[in-house]
Amino acid sequence: MFPAAPMAGYDRAITIFSPEGRLYQVEYAYEAVKRGMTALGVKAVDGVVLAVEKRSASPLVEGTEKIKMIDQHVGVAFAGLFGDARVLIDQARIYAQSHRLVYGEPVPIELLVKRICDIKQMYTQHGGVRPFGVAFLFAGVDRKGVHLIQTDPGGTYLRCKARAIGTGAQKAIDLFTREYTDNIKIDQAILLALRALKESMEDGFTAENIELAKIDVYDRTFKIFSTSEVQDFISKL
Amino acid sequence: MFPAAPMAGYDRAITIFSPEGRLYQVEYAYEAVKRGMTALGVKAVDGVVLAVEKRSASPLVEGTEKIKMIDQHVGVAFAGLFGDARVLIDQARIYAQSHRLVYGEPVPIELLVKRICDIKQMYTQHGGVRPFGVAFLFAGVDRKGVHLIQTDPGGTYLRCKARAIGTGAQKAIDLFTREYTDNIKIDQAILLALRALKESMEDGFTAENIELAKIDVYDRTFKIFSTSEVQDFISKL
Amino acid sequence: MFPAAPMAGYDRAITIFSPEGRLYQVEYAYEAVKRGMTALGVKAVDGVVLAVEKRSASPLVEGTEKIKMIDQHVGVAFAGLFGDARVLIDQARIYAQSHRLVYGEPVPIELLVKRICDIKQMYTQHGGVRPFGVAFLFAGVDRKGVHLIQTDPGGTYLRCKARAIGTGAQKAIDLFTREYTDNIKIDQAILLALRALKESMEDGFTAENIELAKIDVYDRTFKIFSTSEVQDFISKL
Amino acid sequence: MFPAAPMAGYDRAITIFSPEGRLYQVEYAYEAVKRGMTALGVKAVDGVVLAVEKRSASPLVEGTEKIKMIDQHVGVAFAGLFGDARVLIDQARIYAQSHRLVYGEPVPIELLVKRICDIKQMYTQHGGVRPFGVAFLFAGVDRKGVHLIQTDPGGTYLRCKARAIGTGAQKAIDLFTREYTDNIKIDQAILLALRALKESMEDGFTAENIELAKIDVYDRTFKIFSTSEVQDFISKL
Amino acid sequence: MFPAAPMAGYDRAITIFSPEGRLYQVEYAYEAVKRGMTALGVKAVDGVVLAVEKRSASPLVEGTEKIKMIDQHVGVAFAGLFGDARVLIDQARIYAQSHRLVYGEPVPIELLVKRICDIKQMYTQHGGVRPFGVAFLFAGVDRKGVHLIQTDPGGTYLRCKARAIGTGAQKAIDLFTREYTDNIKIDQAILLALRALKESMEDGFTAENIELAKIDVYDRTFKIFSTSEVQDFISKL
Amino acid sequence: MFPAAPMAGYDRAITIFSPEGRLYQVEYAYEAVKRGMTALGVKAVDGVVLAVEKRSASPLVEGTEKIKMIDQHVGVAFAGLFGDARVLIDQARIYAQSHRLVYGEPVPIELLVKRICDIKQMYTQHGGVRPFGVAFLFAGVDRKGVHLIQTDPGGTYLRCKARAIGTGAQKAIDLFTREYTDNIKIDQAILLALRALKESMEDGFTAENIELAKIDVYDRTFKIFSTSEVQDFISKL
Amino acid sequence: MFPAAPMAGYDRAITIFSPEGRLYQVEYAYEAVKRGMTALGVKAVDGVVLAVEKRSASPLVEGTEKIKMIDQHVGVAFAGLFGDARVLIDQARIYAQSHRLVYGEPVPIELLVKRICDIKQMYTQHGGVRPFGVAFLFAGVDRKGVHLIQTDPGGTYLRCKARAIGTGAQKAIDLFTREYTDNIKIDQAILLALRALKESMEDGFTAENIELAKIDVYDRTFKIFSTSEVQDFISKL
């Protein structure tokens, strides 16, 4: 996929541009994201949904949770390296808490995302470190409304309507492209998210292998569904 | 494009001159700028205009905003790496605010640009970092008048009358060379900017895919137009 | 096993992703774990068991203890480099003690594991260090119940029901897969752990060559069994 | 021009002497100076003149100013990297101001030059940085009289009577060698400087493409001429 | 012994794992130990013995002492680089003294050994240093009883009954394997140690070329024997 | 002159000995000294003389001064890199002044030389810097008498009777060897120095191209002669 | 002498062991010692003698002194790099003085030697520096008696009866081996030292080319002999 000759070393050190102006290490970090299990989000007019595959390699090992609450009004799903994700999620939680403490109100979600992206960017420009091998989907509700924002390993973020990252991302995005509508409601968004996740997982689409979360504009509280609640949604498909 | 033999390593470390006195890493960083979407600016006698392409890769993802206000009297458009741009824009905003606080007046625009260029230069001379892969077009009005200034990854800046950077820059510059006149007024400048952007974008020239901003000498306030306002300008073309 | 050509240097520096998004140094550190003697754990409804092989290379050298108590309510078994393990175990003990001191209660086990994994992750992202060549099985009981958690050299952790690491891990896991049941009691879990360890050791399965520990929900005290107690359990097999 | 074999790496790291005792990186930095537009100076008995080419690549871009005032009694022209020059010019201005503040009088010009050369030297001896790719011509009047001093990237400086640096330097120096006389007066020196600049520029010798400055012993004030003043001088040629 | 091809660089930097999970630099440091003169120890029920070869290369140079007292109740013998050993022995003495000062009692021997091993481990995980090329045999008596503990360059330690390190280690270990018994008394242990040392030295087994020390549970004082005392023991062989 | 094969890298990093125990970088720095213009000194019974060639490359550029006063009782001549020399001369002046301030008397000359040599040595032993490419001849009079001391780039110094460094050093030394006598007086020493300098310069031996200085035991004041004084001495040859 | 292939890089970086457990850089530093002029010492029952060759390359340059007093009761001779030696001798003098100040008595000589060896060892284990290219012979008298101790570049030291280092060391050692006796007196030791030095110098054995020093148990004062005193001793040979 990457021919050896033309790169000749440009891809081995983070602080170096290739002659075409590319940062290979950042692109390789994105490959770590693509190897992660699928995570996706759908923004509705009245809320936003996150869904991830958390299939375990063995019945004796619990699948790793890939949806985390950051603060009451915002949560995150990720694809990529678990250890890298945890470091950044801790940073996000600390930032959210200290914002609440200092300003007496929930952190604006785009501000929170920028903070995480600033850290990510720093790890692409300075020597002696590698980029973070993780991408996030932040989902939340604040004064400005409903947010679904993706970050990548280079520190870029994108405001999205419906988005998927990880191994099965393309299949999910194809479904979103065909079926997403701008006036979708949160209940439909949950079903759309589940259908997309089912499409992207080749098998094993069961409540145990899935994490599902939502936040809506009514109670503005990030909620991760229990396995039985997920089962109820699956039954509605 | 770059023959391997004559360079033989001079292009791999930022702190090294080639035998011809070139800094390849800075030149490669400029390639990252050339890969960015087109951004352009036109200076009029009574104001200055910025216009950028913000086309999104997918209808489910919002295009990334590439025009940002720095302070009331100055804004910026960029081409290149989003994460790198954000870091420098934050620096610019902090610098502008602290100047206002200390001196009680808006930061002179060339001083602001020099500050950003000093940061950029530092990243081309010290080891362990890479240059910033981003170019800016600063547009503003201060005591000295109307300014359109371009910065490049090496820390150089140029005072311009009309200028474009990014993928479609050459087509826009060709148009400017043919049609720009020194006594252009802000209203004409807006239309010239839009025509140049249309020329540089191969397709997809619609209000949704465009950002447009201006500042004039009358209210000295940087204004980013809404999509419907952009649509109105497009209708006038 | 690793063909030289396609890697060409991506596996030599910790801070570098390979083109496929892999961190070879972390994977090689896991090889150090696989070369360690087998350690395993079994979670029961009312407690959790750890068992390790501590066979010595010579009758004149005592086998190295590979089960350590961290705090009264939690212990750990490891496979991999002894020196690396000791450094992290010291960190875990200090963290547990300072938590007790500050909050007046035992450290939640998952929090403790996260702390150790944060240290591990840091050693995979920053230059000038190598990853820790050790994997742990943490076993403990806290307010949330019974825990068996595995950590790997990259800073990832997995919540497990039954798990083995080191040289003979696969044989033990195969046995667990066939025979582990969710409603297993601590007494049965001890016997299952011993059977799995016997399976994974090719010979030398004697009380002298084994370490065995458990903690249950009744007295919530991590207990490492004496050689004669281990002998008693072996007789029951 | 530089045969690859005999150098074999001696030219790639700043802190290394070649077997012949040369510092290639410093020599390459001088190549960056040679690629810059011509700057020149002429010392008269009663003052000193600086002249530079500031031709722009495009009519839509203003030429970059390459003559800067440092303090009332001293100014500078440069050839080479714009960003590098600006960093050192800022240092020179700060040093001149702080000298005025501390000692209540203008900084002696040779002291100022030494300060800049000390910074330049430091960047040739320590690892992790590259030399400054810029040469200066300092022109000023102080208690000791009239000064024209050139600095190079290695931190050496030369006291000169007439001197040129950059792309067209040799042609200008040839003219100076033929026509410079020690008893030249400032008015003649201006004309000599313009003739030398004309000689070194292949075409485009117009007032718009030229910067001209002087300082004399009568008012001891560094003065950069306006375009119309330059035009007047050109008419006298 | 080490084929060049498969290693290809994994053995040159301390912070790097080989694909098999090995740390070659630590293994090479152990080679420095193997090149050192033989040092050995024998644990008895009522004490422990250390013996080392201190043969000198020339009659005009005194053999280097390789048994050192750390504190009254503990001493050490080493094989490997003299300079490295001295640095760690100084650390051990300081640690022992400060423990006595703070807690008012002799430092527990295993705690002391862990401290030294922590330093050793650190030098195997961080860049810019090499591992210590020395192995120790600590011998001492504390509240927990009699101790003979070996440390290696990687920071691992082993509790031993009888152990030898350095050039002639294998011959000594073979003898120990044949003749060591668990109920050995200190007087017999001295003779066994001398026999093992004689076996491991090919010639030159004289009192002048030997260092011998013991500590027993009766007076708990580490004693290095004089040459004439060693001669007396040799006569008993 | 240096065959490529046997060195194979030992000459590229300052902190490395070659297999023969040589420090190539220090030797290469000495090549920079050899490329410098000739500087020489002659010690008489009642004083000491320094003389250097300061020929300029062009009549429009003044030759660089290579004799500097350090303090009233001591001066220095150098050959090699101008920028490097200036840094060390500044250090010498500061050291001499602070000694005068603290102890109330002139700095002993050998102490001053040692200080400069300590700095030079440090730059040959630590990574990330290169050695200073300059040699000095210190000349002075203190309580212990008359001193002529040479320093080299490695930090070694030699007490000399008559000595030359730089391009023409060998010719001057040959003359000294033939004609220097231990009972030479300062007036004769000046003439001997001039004759040696004439011998070492192939042409251009005129008062303008020469610097000459002396210090004697009568007034103990370092004096640099003016061009007309030099001319007077030349007439006496 | 060193075949290129088997080393393949192990000899280029100080912090690296070769597969055989050797530190090549330390060994190469010892080569620098072997290239130094001969220095030797002889221990008598009532004192100790140092003698060195200080032949100069030219009659116009004084030979460099290689015997230095550290404190009244101890002196040192060295072979190897002059600059490196001076740095360590300064450290030794400071250490001796501060010991006198703090404890009110002369520094024990072995303690002083250990201090110097600790510095030497540190420069063999940490990156970014090279080892010291110098060996010392310390000679002194303290409470414990008469001492002659050699240190090498790796930080090892040896207690000696008679010892030589540098270019002619082997010839001197051969003489010592044949003629040294344990009951030698200081007067005989001086003559033995001179004979050994004569043997090791191929020609030029004159009082001017020799340094000689002694310390005895009667006045415990390190004394460097004058040239005429050396001549007297030579006459006695």
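The letters A, B, C, D, E, F and G name the chains in turn, as written, and every chain counts its residues from 1.
Methods note: contacts are C-beta pairs under 8 Å (C-beta built on N, C-alpha and C of every residue); 3 or more make two chains touch, one makes a residue touch a chain.
Just so we're on the same page, UniProt names per chain: A, B, C, D, E, F, G = Proteasome subunit alpha.
Being a predicted model, the structure only gives us computed values, none of them experimental.
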(request) Note down the smallest number of touching-chain steps it takes to go from chain E to chain F. (result) 2
(message) Same or different interface residues for chain A and chain C, judged by whether over half of the residue numbers are used by both?
(response) different
(request) Just give me the whole-number Å value for how far the CA centre of chain B lies from that of chain E. (result) 68
(request) Using mean C-alpha positions as chain centres, tell me how far chain E is from chain G in Å, no decimals. (result) 30
(message) Using the touch definition from the top, which residues of chain E touch two or more other chains?
(response) 13-14, 127-128
(message) Going by the touch rule set out above, what shape does the chain contact graph take here: line, ring, star, complete or other?
(response) ring
(message) Once the touching pairs are worked out, the chains link into a ring; list them from chain E, going toward chain G first.
(response) E, G, F, D, B, A, C
(request) Report the residues of chain C in contact with chain A in the complex, numbered from low to high. (result) 8-10, 13-23, 114, 117-118, 120-122, 124-128, 150, 154-163, 173, 176-177, 180
(message) So in the complex, the part of chain B that touches chain A is made up of which residues?
(response) 1-2, 4, 11-14, 24-25, 28-35, 58-62, 64, 81-84, 86-87, 90, 123, 127-133
